[in-house]
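After the structure tokens below, expect a handful of questions from me.
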Amino acid sequence: MDSTLFHYLDYAVYGTAILVMLIGFYGTMVKKSLLKIVISLSVIDSGLNLLIVTIGYYKGGTAPIFSPGFLKNFKDVSKMVDPIPQALVLTAIVIGFGVTAVALALVIRLYRHHGTLNIDEIKNLKW
Amino acid sequence: MEMIHIIFLIFLGGAVLTYFAGKVSKVLQDIFFLLSVLVPAYLFFANVGIGKEVTLTLGGITLVWGVNHFSWLFSLIVLGLGSMAAIYAIGYMKGKERKGYFYFNFILSIMAMMGILLSLDLVSFFVFWEIMTWSSYLMTVYNGHETQRIGIKYFVFSAIGAYAMLMAIVIVHHVAGSFMIGSMINFYPNMSLSLQIWIPILFLMAFGVKAALMPLHVWAPDAYSNAPMAYTSVFSGALSKMGIYGMVIVLVTMINQIPQGFWFREVIAWLGGITAVLGTLWAIKQDDAKKLLAYSSVAQLGYIIVGIAIGTELGMLAGLFLAVMHALFKGTLFMVTGAVEKQTGTTNFTEVTGLIRKMPWTFFAALFSIIALAGIPPLGGFVGKWMLYEALITSNHYLLVIVIFFSSTAAFLYCYKFLFGFFLGQEEKEWAHVKEAPVVMLVPMIIMSVLMFVLGTFPGLILKPINSGLVDLGYIDTFKHLWNTSIIFNAWGDHVVLQPILYYIIAIFVFFALFLTWKGHKTTRYVTTKDISSSGEVPAEDENLTFSVGFMQPFLRAVAPAMRRQIDKYYTGIADGLESLFEFMRRIYTGNGQTYAVYVIVFVVVVLLFKSVLF
Amino acid sequence: MVGTPVLFIAIPLLAAFLIPLLGMIWKELVRIVPGLVLTYLLILAINLLNHVLVHGPIVEVIAGWVPPIGINLVFSAFSGFLVTLMIFLGLLVWIYSYRFKRNVEYEPALKYFLMLMMLITGSVGIVLTGDIFNMFVFIEITSISAYGLTAFYKGRNSAEASFKYVMMGSIASTFLLLAIMIIYSQLGTLNMADIARKIHLMNPTLKIVSYIFFVTALGIEAEIFPLNGWAPDAYAEAPGPVGAAFAGIVVKAAVYAIIRYTYTIFDLSSSFSFLIIIGMITLIIAETAAIRQEKLKRMLAYSSIGQMGLVLVAFGFGTKEGVFAALFLMLNHAIIKSLLFFSGSYLVYNSTEKNIKEVNGMSKFLPVTSLLFAIGAFAIVGLPPFAGFWSKLSVLTAAADSNMILIMVLVLMVSVVELVYYLRVVNRIYFFKKEADTKPHKPTFNALFVMLVLGAIILLIGFYPDAVTGMLHKASASLMDKGQYIHNVLSLK
């Protein structure tokens, strides 16, 4: 019983991550407010990060940290989850933060220039 | 360093030097200009032997330049006419703006034409072809703002032709494994049938554009008439011959190798015939000398194309002879027009009349060229036309004979109009101050008029190089039995049989003319256009009574149906339609960032959906 | 050994972060230091490239972790050529933008050069790295500095352009990360050579999906239609030299990435025809969009997009000739389009709208700039004897050798369209009357110098293509030889 539940739970985590991403995509494509778009972009990032961490995890794994106690019990090494996705996610989070900061700065400038946050009205450059 | 390379370096360096010399001194610029045209011309004829080949490897491609008899013949046209026009240009360009620009492009055009003739490989052929195109394009837009549409039309047509040629070149390279023209010709019979058809068509598109072959001729009248006249004489006289040169290579050396080639030559001959007729009809309608000559050029090129498309020995002789003559007389006529334009400021027949007393030498040149153009003995045009008719008849193209005959008869109308419009008729008061053109402009015109007479009387002088060229192309040597090819030649092959009789006729005519002039010298007086009050009704001051107004109305009414459908309009329609389509298409870029994001997602989804098809 | 590839990333990155500090010492240093750094890097790049052309590629291991575990940098003939080109253009952009418009003041110059150095670091890193995640990081560095540079001017619509760029850039990074993770979850490695060696073990569907994600993500940077909505806006609103940097540096890096994925990493044979299809669509849409364009820089942007499409088409032939042609095209495009952006931004210097109308009659006031623009225009449409002709010829030769007749026809037809809109602009410069309200602005000495250098290179390549073809042949051979690449990286101990 335990195992099947975990089995479904595995998928549920994947599903949640993908769902979060889809919500983000929905927001990016449908919401008109610049702020909401920026938030949606962040949401996509979060979903993606969740997904990546999930890929690196497997059932019953431990944190990939070499502690003195860890080395004594060498069998546990094989129980470590893959550390690379976590490292990648850390990088991706930082980058996502940077992009969000730039985007918000631009939103401020757009609001000052156009006096609106509606993306449909910010179309000075076209064709 | 080979002489051929030196020649090209002189051209190139001369062009640049001439351009910058203008910043120092105008005279220096003129001298540099003349030197950079005349010196290479001299070096070429004095030092470059026929059969010489030089190679140059560039970008992994071997570029081979060399001279054979056939290209030597065309070099004669290019450098001869080029030198004459260069001398003329010194006078013509005096006091005009953008001299450096004109000289630079002039030299580059001459260089590019020489390059085309000397290229034995397709890449350098194409390179020079394109240089020729853009340098002549820059000349077309010399007059500025209004000409930009005309210039672009010319360039677009040229580019379509050139790109068709480029496509053919790379395909040939792919199948024959070499860029050499010789290996293309040798490989041609081994190509697949579809290539055998397409390669010549692609090449002929390029050459047809330059030779103003219908239906690719629509750029020509505008471009010829809008370029500066000093250049147009080269443009129409020599540059269009590059199309003829290419056509000869394709039609004669390539297509003759397969039996289906017959149809090609038939079609091209007929297109040439139609071009001749249409060009002539349009020329008659023009009131502007530049336009008239431009259309006339189109028509004359039609004759030449007919001659070479027939492809018999006599046809080739006729076509190439006409090509040389056309360079001479059309070059001179454009110079005459330029001289008139320079002295009066306009080239409209309805405005300029009666210049014979003001510009007698110019009139003399115009008269000679018109006689040559119309094909009246004893000038060269007559011999060429005779040979063309004979070639057509001996090869059983009777219908084409009628077409050509119609067009060449109708050509008399515009010839007359040109001569009468500018020089004869009553003198307008407005032009009383007009002086003869400067000597530097007259000399080339006179030299060329004399040449026309010499070649008409001794056609053998030019038939000999033509014959050598034809031998190079694989024809049997006609020169030794020239009198067998055409009944017009006598046994020495130098003279025209009919000539002596004609001289008597001319002598008598001249005698009467002199007699009447002398006799009537005291009793006649010059009248101006408006000086006809004796007929009872005084014409108003602003009424235009010039001879050329409403010239040949009945004739034009008769042929109006043939002229109603203008090919030009179809092309313009296509171009406008395409631009509107593009205008519509670029609205894909809506300017809304969100739409762009949607595009990305749609792209991913579509590619994912069709991944089994795509991957 | 004359130097190591890691310097190409370390030095400009260090310089970028030192610029604000140096600015506290002497304000002029923020303008001088980037130039010194780029000059040094250019010398280094040329030295290394010479070394590589003779002795074969240099593989640099970072921090002692041997591939496939650690990150490695590969300076082969192919990547070395691109790095040299980018740094050369970077140097020219620096010379040109020294005291260009807003850069006269300290504050903007500081930001400008900081971001420019970051941009170059990122782009060079994309080309040099041998690790796909590391490439992701470099792409993000490039993008973020590009967002900043796009929004450099205040008061114009630059923020709008930049925001569009940010939106699409974020989506791009999402897809890139997804693709990287698909590969990682399947093969357990991030090293390009290692992936290339193991790629046949991958689930075919997932392989295709990850490839599509890669192309989408990189295609946004490489301006593939329909992913290039940001590009015309960004080019038009960014400062002129930055437009040149985009066309010459950023896009080249993105195209490099696509090509590296297609040629080295993935073994999908049909990905070549995919490149041809998207490249062709990009080419046609972009060039036709340019013909009725009213803004000069937008027109140049569309032309740039179209050229990138053509580059992809040439890469899509998958033959050695095709790669050679594509590299030649990239080189020419980098040089010529930079010249067009450089001279074009002086032709419309004082205007806010940047309408094409405003170049009317500029030849009388800015003769040299106009002439150079005309040379650039003639060169980019491929008229001999300028540089563009040889690349066009090699593209067509490659197409003919691959029996792509339809591609040739389309490319040539599009060339006619390209010809028309460039000629219209050149005609305006030379033959139209000046608009009453335009104020010509003489180019500064350094800008003029850069333009003259570029013009001279165009003529040099035009008259003597052998100056570059040898190198390009080696570069294309180095790209085509996948086994050698894997061997070079993985045999390190």
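Letters A, B and C name the chains as they come in the text, with residue numbers starting at 1 for each one.
In this section, a residue touches a chain if its C-beta (ideal position, glycine included) is under 8 Å from a C-beta of that chain, and two chains touch if they have at least 3 such contacts.
This is a predicted model, so every value here is computed, not measured.
Taking the definition of touch as given, a chain qualifies here only if it contacts chain B and chain C alike; those chains are A. Taking the mean of all protein C-alpha atoms as the reference point, the chain centroid lying nearest to it belongs to C. If you average the CA atoms of chain B and of chain C, the two centres end up 44 Å from each other. Centre-to-centre separation between chain A and chain C, using Cα means, comes to 30 Å.
Rounded to whole angstrom units, the spacing between the C-alpha centres of chain A and chain B is 70. Within chain B, contacts with two or more other chains are made by residues 586, 589, 591, 593-594, 597, 601. With touch defined as above, residues shared between interfaces to two or more other chains in chain C number as follows: 160, 163, 167, 171, 232-233, 289, 293.
Residues of chain A in contact with two or more other chains: 28, 37, 122, 124-125, 127.
Here chain C touches chain A in the complex through residues 133, 137, 140, 143-144, 147-148, 151, 154-155, 157, 159-163, 166-167, 169-171, 173-174, 177-178, 180-181, 184-185, 190, 232-233, 236-237, 289, 293, going by the rule given at the top. Here chain B touches chain C in the complex through residues 57-60, 123, 126-128, 130-131, 133-134, 141, 144-145, 147-148, 151-152, 155-156, 159-160, 163-164, 166-167, 170-171, 173-174, 579, 581-583, 585-586, 588-589, 591, 593-597, 599-604, 607-608, 611, 614-615, going by the rule given at the top. Interface residues of chain A, counted against chain C in their complex, comprise 21, 28, 34, 37, 41, 44-45, 48, 51-52, 55, 84-85, 88, 91-92, 95-96, 98-99, 102-103, 106-107, 109-110, 113-114, 122, 124-125, 127.
Across the complex, chain B is touched by residues 25, 28-29, 32, 37, 119-120, 122-127 of chain A. The touching residues of chain C, when paired with chain B in their complex, are 160, 163-164, 167-168, 171-172, 175, 208-209, 211-213, 216, 219-220, 226-227, 229-230, 232-233, 268, 270-271, 273-274, 277, 285, 288-289, 291-293, 378, 383-385, 389-390, 393, 396-397, 399-401, 403, 405, 408-409, 412-413, 415-417, 419-420, 423-424, 427, 430-433, 464-466, 469, 473.
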